[in-house]
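Naming follows writing order (A, B, C, D, E and F), and every chain is counted from residue 1.
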Amino acid sequence: MSLTHFDETGAARMVDVAAKPVTQRTAVAEATVRCQPATLDLILAGDGKKGDVRQVARIAGIQAAKNTGSLIPLCHPLPLDGVTVDFTSQPPDRLTVTAAVTCTGRTGVEMEALCAASVAALTVYDMVKAVDRGMTIEAVRLLRKTGGRSGDWRRPADGGAADQS
Amino acid sequence: MSLTHFDETGAARMVDVAAKPVTQRTAVAEATVRCQPATLDLILAGDGKKGDVRQVARIAGIQAAKNTGSLIPLCHPLPLDGVTVDFTSQPPDRLTVTAAVTCTGRTGVEMEALCAASVAALTVYDMVKAVDRGMTIEAVRLLRKTGGRSGDWRRPADGGAADQS
Amino acid sequence: MSLTHFDETGAARMVDVAAKPVTQRTAVAEATVRCQPATLDLILAGDGKKGDVRQVARIAGIQAAKNTGSLIPLCHPLPLDGVTVDFTSQPPDRLTVTAAVTCTGRTGVEMEALCAASVAALTVYDMVKAVDRGMTIEAVRLLRKTGGRSGDWRRPADGGAADQS
Amino acid sequence: MSLTHFDETGAARMVDVAAKPVTQRTAVAEATVRCQPATLDLILAGDGKKGDVRQVARIAGIQAAKNTGSLIPLCHPLPLDGVTVDFTSQPPDRLTVTAAVTCTGRTGVEMEALCAASVAALTVYDMVKAVDRGMTIEAVRLLRKTGGRSGDWRRPADGGAADQS
Amino acid sequence: MSLTHFDETGAARMVDVAAKPVTQRTAVAEATVRCQPATLDLILAGDGKKGDVRQVARIAGIQAAKNTGSLIPLCHPLPLDGVTVDFTSQPPDRLTVTAAVTCTGRTGVEMEALCAASVAALTVYDMVKAVDRGMTIEAVRLLRKTGGRSGDWRRPADGGAADQS
Amino acid sequence: MSLTHFDETGAARMVDVAAKPVTQRTAVAEATVRCQPATLDLILAGDGKKGDVRQVARIAGIQAAKNTGSLIPLCHPLPLDGVTVDFTSQPPDRLTVTAAVTCTGRTGVEMEALCAASVAALTVYDMVKAVDRGMTIEAVRLLRKTGGRSGDWRRPADGGAADQS
């Protein structure tokens, strides 16, 4: 078993995708922030005059998706078609960021979705760290993807090795 | 309880730190990648001719630390003094990235350490995703920080709400 | 009436353009710098040994057009086909920057043209601010666009609400 | 009269500020968006479920302030201390963005404040352009600055050449 | 004879390539680092525990290729298909970086290959400069290109004016 | 002999400079472009209506100096004090770019000067490549540096190993 990101001598490379067809691609990823219950209340109270952590984090996530080609060394720069970043809460102590990315291109957008979810979650951390420095971002993971030669993929419902948390 | 990243009207802001003293700052953060045992073997075999996933991820993490001010909207741009990104494995299925950042400045470098660890872990994911798409990045978290008005902080050994994974 | 940059819950998003056809797009925008007459003379004298403010500003504008996808949060990153930035003067006290952008893509390049004109005008300001700090950039506006579903658009000659200055 | 951004041969340069003292700097700039009255209503309605244009524009402005050193070719990269971006409306047809920047450094932050105000205004334009393509950004201008060798400056109340709009 | 990067008035522009067909493009460029023999030994010893200068430089070169559109003012931003950066040594005192770039687009990737080779070579310099500050990067040059209207090109074997070093 | 950019296990790192004093730093580097005599004439004719390659290249070089911390993976981000990029010609076939950088900081600016000279030379190549694709950038090298613990350094007049071209 070998990794396509390296050639036979072990040199890293940005894999040549010139021969791959241009197809529609989608990917959805999530990141969960675990925090103190009072912190979650504070985040969810953000609709009013207190300022909404989620709106700032959403913009950071969208920008990160577009910036993936420079964040992740062997990723291809891609002209993304769309990015959404949404939040759901699992009281008393979890906030989940879900990022969805679409593209018409020669390679998938899993990394774009994962970067968007991660950076949105890090931005949440940044904005509330003064009151809850011990917050953890957990379960940054791909939920599903469509398009491309490797076809569609969906995270198994039972979790599997990477899904037990 | 309110968040310093918002003013009294709820507007997000980059908090003015002009009145804070310039002091030495350090922060250490980690991110753990959970994968299939065969994937971990593949990553750890990287010393030889197969290419080392960790060396690529380390560079990505260091670059991300320097780029934190543009990734995280309300973070201050900081002239970092040093960044290290290291890896340890917890067989059979975990690889941990530990990032340490130092700075002489008016604000802390927690976000720089967290960004470095996160982006290094995402880069690991990118390089092995073709063989293990279900990998999860879990427990992105601050381990300790020193310097600044809020003083030193160390993650409690017992974990606490944010530390139970 | 609602804005396409938000979904039904009010969340900002980068609108999905995957279903839109790839077509030729053009956009032309302008920005006018109003300054002291002596400042305009200084800018226009730039052909000789004194250094040409406009040449520096032109490069800044072209670079800004290419950078629009990271400057404007909900803009799509676009592989631009061409960018020009030109200057005309309206003595005694105005210099106008005109930026034209072309692209073959799924979404328009109005923002690219506006960013190019704005950043070129800001660069002019930067270079002469030491002698005329009170300069104003006024009338940053779209002049025309072609291509795309919304079709061609041309600023009304009479100005209209947005054109009375 | 000559411009410090050029040397005696007319070559552009980033002026050497090594000999200037490190002092506290502030700058405040504004940009006004003129739009249809219905557009202004739409922008101001953004507190509720419709999505708030201003919150997105605020983040774009803060990011632009930090990015000024790469947007404006001869600007120095500066470790900013603080950035705020605020909005006021002048019904029936104007929205004003006010950006304030602080820094402890060897050179002023006028360009940072102007870039923040401009990019925030451009982001407002981007988000409502589908309903009001004729919007104009007018009167991008410095309101005041403090610190540095050239001392404090405040835009004259009567306007003057650059202030008559 | 005139340069396409300027219009008839001498204004720089990003040339409009909208009318050019989308074709497969490749370019290969190289940069040679000349150093002390002991320095070359140090670089080549990098497979073991000492750390491999080439692996870091390779990542820097790949990132630079992707970043060419912002490094070189009049270059088009291009969605690259692939990038490789490789090293060969010519003992006792030379290390050559060879960068190959592929793209499906309207304009060539010569600059991407040259930027990758240059930045990789500069990164080698950075990592060993403490022991050999006098190193020189010489012969940064295009080796060959394919695709596009100007057709294929290959550096003459005899060198020619630009090839005598 | 070992390299400071790697720790004892061979891991790359951004070396911690927190303990180093803040001092004045300067560095001067050059890059020489070798071209056809007719190409050099074309470049040098750029004062008039034909457009000046050097002015565009100068801006690219200044921007590259500021961007060095993201181009070169293990470089520290530095708040530069000043950057100049100048050109001299050695007829019939050489144009030399000389970049000078100053900074008040904990680490030197050699890489900033080398990046500025290299990117300026690459920009020259880009602008004239349509008429002279075989151009070579040769002798990218440090001329001198001052400041810092390693003290002043000046390239030996006789050239030495790295200076024989």
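What we mean here is this: contacts are C-beta pairs under 8 Å (C-beta built on N, C-alpha and C of every residue); 3 or more make two chains touch, one makes a residue touch a chain.
Each chain and its UniProt protein: A, B, C, D, E, F = Cyclic pyranopterin monophosphate synthase.
Predicted model, so just to flag it, every value in this text is computed and none were measured.
When the partners of chain C are compared with those of chain E, the chains appearing in both lists are A, F. Comparing mean CA positions across the assembly, the chain most remote from chain B is C. In this assembly, E is the chain whose CA centroid lies farthest from the centroid of chain D. More contacting C-beta pairs link the chains of E-F than the other of the two pairs E-F and A-C.
A separation of 38 Å divides the Cα centre of chain A from that of chain F.
Separation between the centroids of chain A and chain B, computed from CA atoms only, is 15 Å. Per-chain Cα centroids separate chain D from chain F by 32 Å.
Multi-chain contact residues, meaning those touching two or more other chains, occur in chain F at positions 7, 11-12, 52, 55-56, 59-60, 63, 67, 73-74, 77, 79.
Pairs of chains that satisfy the touch definition comprise A-B, A-C, A-D, A-E, B-D, B-E, B-F, C-D, C-E, C-F, D-F, E-F. Of all the residues in chain B, the ones that touch chain A in their complex are 1-12, 34-36, 38, 42, 46, 48-53, 55-56, 59-60, 63-64, 67, 71-75, 93, 110-111, 114-115, 118-119, 121-123, 125-142, 145, 150, 153, 155-156, 160-163, 165. Interface residues of chain C facing chain E in the complex, by the touch rule stated above, are 24, 55, 58-59, 62-63, 65-67, 77-86, 102-104.
By the touch criterion stated above, chain C contacts chain A in their complex at residues 7, 11-18, 69-70, 73-74, 76-79, 105-106. Contacts from chain E toward chain B in the complex involve residues 52, 55-56, 59-60, 63.
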